[in-house]
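Got some structures for you, see below.
Okay, so chain A shows up in both of these, paired with chain B first and chain C after.
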Partner chain A sequence: MVLPPVAVVAVFIGFPVGAAIAYTLGKTGGPNSTVALIAQRQHVAKHGVTLGAYREVLGNSHVRGDLWATVWVTLLTIGVVVALSWAIGLYVRLSDTWIARAVSALSVIPLFIPVVIASYSILTFYAAQGFLKTLAYHTGWHSFPTLGYTMWAVVIGEVWVNVPFGVLMMSSGLNAVPNALIEAARDSGASLPQTIRAVLFPMNVIPTVIVATFTGIYVLGSFTVPYLTGPSAPNLMGVSMSQFFQSFNQPQQAEVMAMIVFVLAAGLGTIYVWANMRAAKRASQTT
Partner chain B sequence: MSVVEQAGIVPIARRRPRPTVRSVTVRAVGTVLVVALLVFMVGPLIWLALRAFSDIWPYPRFLPSDWTLKWWHSVFADKSLGNSIKLSFEFAPVVTVASAAICLPAAYAFSRLNFPGRRFFLVSLFATNAFPKIGLYISMAGVFYTFNLMGTFLGVVFVQLIGTIVFMTWIPAAAFSSVPRSLEEAARDAGAGPLRVFFRITFPLAAPGIFVAMVLSFLYSFDEAQGTFLVGIPNYITMPTEMYTLVLNYPEQAGAVFSILLAVPSIILMSLVRKHIMGGRLAEGFQLR
Partner chain C sequence: MKARLIAVAVAVLVFVPAAFAAGTTKHAVKKANAGTTIVIYASGDVNVQNLWQNNIIPHFEKENKGIYVKFVFSPHGADDGTTLARIGAAVKGRHWPGIDLVDAGLVTTLALDGLDQPVSKATAPNIKKVNPALLAPVKGAAIPYRGSSVVLAYNTDHVKSPPKTLADLLAWIKANPGKFTYNSPNTGGSGYSFAETVVDSYISAADLKQMDDGYVPNLESDWNQGLQALHDLTKYVYQGVYPNGNAATLQLLAQGQIWIAPVWSDQSLSALASGQLGPNIKLAQISNPSFTGGAAYLGVPKTARHKKVLYKFVNYILSPEAQQMIVNVMSGFPAIDIKYMGSAIQQKFEDVSANTLRPTFSTKMGNDFKAQWQQTVP
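Here is the complex of A and B:
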């Protein structure tokens, strides 16, 4: 019964990724034979493997610019999403006013909106004639920068899209902390920041790591947000790999970029698995 | 200090602390942050929605100076746009039904049966979440050429299917697990066969969770743009992929109209399952246990 979905994952993820690894190392036979027929500028290994495609892609200064942009946008988005999710989650956990409920309702709005539309609306909002520029103009700040078509708009878009997941994750983690524990800390004289540091934070390391990991993987794998809101170059790897695949007809180079992004994601995934294992170990030690 | 206060009873009138500079600043900062969040989350959507009804919107005005409905007429008159709307409503049900057929038996097995390798299979399904999507689509597209799936209906279905596997397995599995075994056993004792127990007891009780998974799957397919764009063009251009070209080639107002049309199914369907998502079920699915 469990075989069908596992088979789908094996056939449509395991197999293509394996074939892509072979193709990037210069193996143009088997499942790669058709794509190899139409591709340009291929690095083919007659015997063994060749790292030619990796050398070419990493030697390309434009790609290195994209890689650098991808790394800092990913890290900045992770930082902002984690901070915002914690702030909103804490506010909703510790305060029971209509404002807190409004904040939690606001923060999940992106779930209801397709990413394409979100990106487009963010582009127009921060564009040269957008709301932010209009607001700045009326407050007398005429030289306010245009954020549309810059990497800042990409960061804003990625944050906007990822906030609901972060907030849901952190709220569910913070709600799991019993009231009694928080009250006990407060009664013994701990200030609010101390309570957060000594009680709420240690009990929510795993949700925080989950938010950070999956936000990072989302940004690394995103195309729509950077394609619609970002500059033409340098942009995130997702945009440039699509261009190499479709526009430049260089699928081997595109797949090399995919591998680079996979390696970055694997780094994030390792932290996630490590945190889960550490938590499991702790749990088995205490019980 | 009065006797009353020493006894630990604070007079009601003193309960509310007098506003200090600090409490006023805290409150002011709080209000500013809430307003900023409101502008950040909702502002772009309102700004775009207004554009769908605007004729002339000179900078720097907060509202259009002339209003019109002509963009709605032009979008509805455009053949290729109408076609993409039709396509989106074809893909989404196909992907949802396919995903349900593939994943629901597995969901039942994960929930009710204990078999060797259960954990391994469960984690392997989560691999779909561990890969950055666009890199995965590029890898898939590479071998899709060999299997003649590029630019085909089936190819697009497969690309969209991948993203639905995790929640189509996870949410129904949780739903099956929440059906009390004692109910099933009681039906068995009353003489019902295993199939009858499943269709009369287990399935109806798990149906709401399955419904949520199907709605999410439908929406995923309906909103998926990047994989469909890579594999489907030039033959299959759904609504969200149409947006890519629309943004570049049409006036902004037409893009705004199309955005509203595309957002409507999302908003309606998401509102149906809102409670379930907010309840933390989505969050649970990401904990490796």
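Here is the complex of A and C:
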């Protein structure tokens, strides 16, 4: 019963990952022989393994610049997405007006717009002749910055793409908190901020961790948003990885960069697993 | 997530070729009873698709009864990587890759890695009409069948007399900050050509010839001076940004945000015809050195089938009749010498004054050049 899915995972994910790891370590035989036939500037291990490709990639100051840019854009995006989705989720949870419902519906719309279209729109909206700058100019703010082709445009794009998921997770998490708990807190004299801190926040930790980690993993591997809206250099790892893979014909270096991103994403994944395990432990203790 | 994506891609690269080869062989055998079918794979934009699907193939099939051309198209070369791996694996394993003729950027890689069948005058007589300089960088193992050159597009509202030489152009860029840019070389050939042209102006003719014809990494230090000059230009470039893709530069030009830019001749002529570029945009070529041109190559994988019929098709593509279609349909340059074409063609290309294409770096040199540009210029 379990065997077919396990076999599919082993063949389509396990085997290629194994082959890719072997390739980054300089093993160019077997399943890697076709890619090795075509690639340029490879590090080949005659005996054992070589860390030459890792040394080259990590020793390249431009790649390190890209890596640093990726890290800060990821952290900033996580922060903004978590804050925004918490704010919208709370507003919808605590206020039952048509405005609240409209806000929650609007915030999910980006989910239905292809990322390519959205990226082009963001680029033209914030460009030198874009709507925002034109508006600022007409209201007398002549030195309004041009955000198109900067990292700020990338952050705006990433937030735009990730907020719907955040809002969906947060609102479902907050909706799961029973009204009785909130009312009990308010009845015993807790103010609204106190209620949020003491009741809503502790009961909504897991959705928050999910939003933070999944947003982080998405941004780490994103390509379209930074490719279309970002600066020429430095840019995110996704863009630079595809440059090495396609334009520079250096698949080994590209795979090394993929491994670095994989390690970062695995780090975020660990936080997610840890939070889940902690929640499961607590649940078993209370019952 | 990216790691997993790449891993899945690798899996596809390994498993799909074998499965595909098995599947398509059966299919082709069935059709062979009715006639001979050859399979062509092309990648590029809709203009390339239109050229094959609505022009060259129907005319060829009409003139040659019993020969069928099956057309496989990959928009923007999305399947180029897979196809390259597939042909590589098939030729190494000595079986049919499922493709007989390739029109894509990957052809030069196939040719240089010995995966392509060289085409000679004996197999396709029209190959003698082709400029021999275009055959050297691919060691005669790929067939140039159309060309396009990079030219300077300028906005006549702001630029009355366009720069005539590279030195004039560089002086103009510095005198008009923010009114020039080129797309990053790794995302499109027009920006690549500008970058290479600047770098070429610092390299001796002998070294340049070696870089055009082969892979000589030890000469790459010749690039430093030119790359430094390009780096110094960044502060005069539009927002200090090199947009991604040939189309992005055309868009900035059409919006009037920049006034001069290097563009592909065919792409800009098509854009002028369709109105994407206004009548205030004009084209010119510079000299000393001129911008590079590029040929699009056809490749015959070593294990292609029906080679005799295939060469008949190749020969047809290089005939003045088919070359005329390339000029009419996609404003491309003919690959054969212009003297074989009518006088109307010679006049048509007068305003871009490039009836020979200045060769560009060989593929592998080009890949390294793009990498070095990315590290030093922006």
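Note that the second predicted complex is superposed on the first by the 278 of 287 C-alpha atoms of A that agree within 3 Å, B and C clash if a C-alpha of one lies under 4 Å from a C-alpha of the other, contacts with A are read in each partner's own complex, and residues count from 1 in each chain.
As a working rule, a contact is a pair of C-beta atoms (placed from the backbone, for glycine too) under 8 Å apart; a residue touches a chain by one contact, two chains touch by 3 or more.
Please read these numbers as outputs of a predicted model, since none were measured by experiment.
Novice: Kindly say whether there is room for both chain B and chain C on chain A in the superposition, answering fit or clash.
Specialist: Clash.
Novice: Between chain B (first) and chain C (second), which does A:191 come into contact with in this model arrangement: first, second, both, or neither?
Specialist: Neither partner.
Novice: Which partner chains sit in contact with A:261 here, chain B, chain C, both or neither? Use first/second/both/neither.
Specialist: both
Novice: Does chain A have more residues touched by chain B or by chain C?
Specialist: It is B that touches the greater number of chain A residues.
Novice: For A:217, using the defined touch cut-off, is the partner it touches chain B, chain C, both, or neither? Pick first, second, both or neither.
Specialist: both
Novice: Answer with first, second, both or neither: which of chain B and chain C does A:233 touch in the superposed model?
Specialist: In the superposed model, A:233 contacts chain C only, not chain B.
Novice: A:249 contacts which: chain B (first), chain C (second), both, neither?
Specialist: In the superposed model, A:249 contacts chain C only, not chain B.
Novice: Just to be sure I read the superposition right, which of the two partners does A:60 touch: chain B = first, chain C = second, or both, or neither?
Specialist: The answer is second: A:60 touches chain C but not chain B.
Novice: So in the superposed three-chain picture, is A:111 touching just chain B, just chain C, both, or none of them (first/second/both/neither)?
Specialist: first
Novice: Once the structures are superposed on A, label A:40 by its partner contacts, choosing first (chain B), second (chain C), both or neither.
Specialist: second
Novice: If you stack the two complexes on chain A, which partner ends up touching A:146: first (chain B), second (chain C), both, or neither?
Specialist: Touch partner of A:146: chain C, not chain B.
Novice: From the options 23-31, 77-85, 167-175 or 221-229, pick the one stretch of chain C whose C-alpha atoms clash with chain B.
Specialist: Clashing stretch of chain C against chain B: 77-85.
Novice: Looking at chain A, which of its residues have contacts with both chain B and chain C?
Specialist: 12-13, 15-17, 19-20, 31, 33-35, 38, 128-129, 217-218, 220-221, 223, 227-228, 238, 241, 245-246, 254-255, 258-259, 261-262, 265
Novice: Once bound in the complex, which stretches of chain A touch chain C?
Specialist: It comes out as residues 11-13, 15-17, 19-20, 31, 33-35, 37-38, 40-41, 60, 62, 128-129, 146, 148-149, 217-218, 220-221, 223, 227-228, 231-233, 237-238, 241, 243-250, 254-255, 258-259, 261-262, 265.
Novice: Contact residues on chain B for chain A in the complex?
Specialist: Contact set of chain B toward chain A: 30, 34, 37-38, 40-45, 47-48, 51, 57, 59-62, 101-103, 105-106, 108-110, 113, 115, 118, 121, 124-125, 127-136, 138-143, 145-147, 158, 161-162, 165, 168-169, 222-223, 225-226, 229-230, 233, 240, 243-244, 247, 252, 255-256, 259, 262-263, 266-267, 270-271, 277-278, 280, 282-284, 286-288.
Novice: Taking the complex as given, what residues does chain C use to touch chain A?
Specialist: 1-11, 13-14, 81, 84-85, 88-89, 92, 109, 113, 184, 186-187, 239-244, 255, 257, 363-364, 367-368, 370-371, 374-375, 377-378
Novice: Quick one: which bits of chain A touch chain B in the complex? Just the residue numbers, please.
Specialist: Chain A residues touching chain B: 1-6, 8-10, 12-17, 19-20, 23, 30-35, 38, 88, 99, 102-103, 106-118, 120-126, 128-131, 133-134, 137-138, 160, 163, 165, 168-169, 171-173, 175, 206-207, 210, 214, 217-218, 220-224, 227-228, 238, 241-242, 245-246, 251, 254-255, 257-259, 261-262, 264-266, 269, 273, 276.
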